[in-house]
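For reference, the structure discussed in these notes is given below.
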Amino acid sequence: MQDLSDLVTPSVQHGLDLAGIFVFAISGALLAVRKNFDVFGIAVLASVTALGGGIFRDVMIGAVPPAAFTELGYFVTPLFAAALVFFLHPEVERINGAVNVFDAAGLGLFCVTGTVKAYEYGLGLTASAALGLATAVGGGVLRDVLANEVPSLLRWDRDLYAVPAMVGAGIVVLCIRFDALSPLTSGLAVITAFALRLLAIGRHWRAPRAWNRRSAVSERPEGQM
Amino acid sequence: MQDLSDLVTPSVQHGLDLAGIFVFAISGALLAVRKNFDVFGIAVLASVTALGGGIFRDVMIGAVPPAAFTELGYFVTPLFAAALVFFLHPEVERINGAVNVFDAAGLGLFCVTGTVKAYEYGLGLTASAALGLATAVGGGVLRDVLANEVPSLLRWDRDLYAVPAMVGAGIVVLCIRFDALSPLTSGLAVITAFALRLLAIGRHWRAPRAWNRRSAVSERPEGQM
Amino acid sequence: MQDLSDLVTPSVQHGLDLAGIFVFAISGALLAVRKNFDVFGIAVLASVTALGGGIFRDVMIGAVPPAAFTELGYFVTPLFAAALVFFLHPEVERINGAVNVFDAAGLGLFCVTGTVKAYEYGLGLTASAALGLATAVGGGVLRDVLANEVPSLLRWDRDLYAVPAMVGAGIVVLCIRFDALSPLTSGLAVITAFALRLLAIGRHWRAPRAWNRRSAVSERPEGQM
């Protein structure tokens, strides 16, 4: 996740990475509290949410052991977030709006760094963008699977989450294609994805479901869960 | 997934691969519609179903990045299938029988190509057959896990699914063992698995459950484990 | 999983490995019976439970193909356990206490061998301990995810499971740090984790949940599921 180090000041990049990991970990820990998990469940869900997307990407591109296991800071940050939620969770839930903002920042950052890292490991542009998207959303999917819930990523009744990450990854890929990747353009990609996600939350943008949806569905509508 | 290229005409093999990916993607997209997912959920579930088994096999044998990320056609086909289901899903459901036929074809093909690819990467015969089976059924398992359902592979009330793939992989392994792997024999393995699966559907073949199964079981007693 | 071979007599080590795989497989097969899965579901769940943690570790450290695919004994043992449960499951359930003892032994063994193997592949001490923990608990998490249940690892109403494995992995890491890893010390680590787990079961030790837990939770308490 230090792949933009030649683009952005390494310490800035590293700090942003840790911020993304931290806020994703908060979201995992909060879900664990809501599901009534114990302190280890909170720590596990925080770590999986924060590191799952990056680990998946690293395994796919052959960058093993994944950065999550070689960089101590990546490993400790989720545990710190879990401890925070464990002791302070009513306060943390009260600042849910702030969590959304940070989570959006993590989404923007991870889709960009994920795309760049995949490209650096020799993948094509489309595959790099796909892995950037997977880096950004993968942790949340794993979080929901472990909590035995339908991933929010897939549900129609959640505000757009994948699209901002797709746009961010798409901008990066276009910049690479036209040799325009720089600290400025990658920063712009992060900010675009971040802003789009905030707009999606603020205006409750949702994605359409399949056309001609029949009202009588055999399964209980998971969307109302 | 191009591993039979020396056995079968590459273009034929590639076309069959894409056909298998396509029909698995259709099954994933249809489940997503039934679960009331939005358009991105449909695309994700289609892709995971179609590519999950192959990605798992490739990670296991060290063939990273997986073919799903390096071959554009493998990546685009599930999205095309998702779009088709999104716009036409009542029609697609009406041809459910056809989907079953194609899915059986995908099952037959993937168990054979998966076994051959694993063997080419140096695995033993038993392990190759196991990975061929995993290639064929893995995508469906991931589909069901993401949709928060018990994988149909595991459920007693579904027609035999694993056995046809096991037979197909077993034939390939026997052919390799006795130096008889050829376009003809691998084609026979595909057709055998395909036909067995169709027979299992047509005659509702099911696998036995544990003997002495007590009738009064609830799913509840898990807490007492 | 033969990494302690220079520490422990290889045949002893191998036997212990197989014992751990066997008892984990039994626990997976029993859950499959309770979930009413058919004979293939039983075999799949037994294999995933027994081999999942080790496969995850091997993929993370780049030891592909994982030992589970290269060593025939690792592959056959879960199938044997599944067959046993299939034919004898009321008897097997009656000896549930014995299963708990063996499962605790598997936990102790896997957290130690997992940590050592990760360290041998060049990971740092913290990461090695984390992977040792993942080796010990990973199979059980996969088992529960496939069975569509909340992983017992995460639930507050189960006796401590992660802590004994953490202690075992921690002892190994300390021994490595102070150059004191030997058959004796690694055996002590196994026994400590094993004994702690048995104590946790016997005295119903549980981990705390988040402080200030409000009684009115939005989600249904998963613990009572």
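By written order: A, B and C. Residues from 1 in each chain.
Rule of thumb we're sticking to: a residue touches a chain if its C-beta (ideal position, glycine included) is under 8 Å from a C-beta of that chain, and two chains touch if they have at least 3 such contacts.
The chain list, named the UniProt way, goes like this: A, B, C = Trimeric intracellular cation channel family protein.
Please read these numbers as outputs of a predicted model, since none were measured by experiment.
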Residue-number overlap at the chain A/chain C interface, same or different (half cut): different
Fitting chain A to chain B on CA atoms, where both chains share a sequence, rotation angle to nearest 5 degrees: 120
Between chain A and chain C, centroid-to-centroid distance (C-alpha), Å: 29
Residue numbers of chain B (touch at least two other chains): 59, 145, 148
Residues of chain C defined as touching chain B within the complex: 30-42, 44-45, 55, 59, 64-66, 69-70, 72, 75, 85-87, 89-90, 145-149, 152, 157, 223-225
Residues of chain C defined as touching chain A within the complex: 59-62, 121-124, 126-127, 130-131, 141, 145, 148-151, 153-156, 162-163, 206-214, 217-219, 221-223
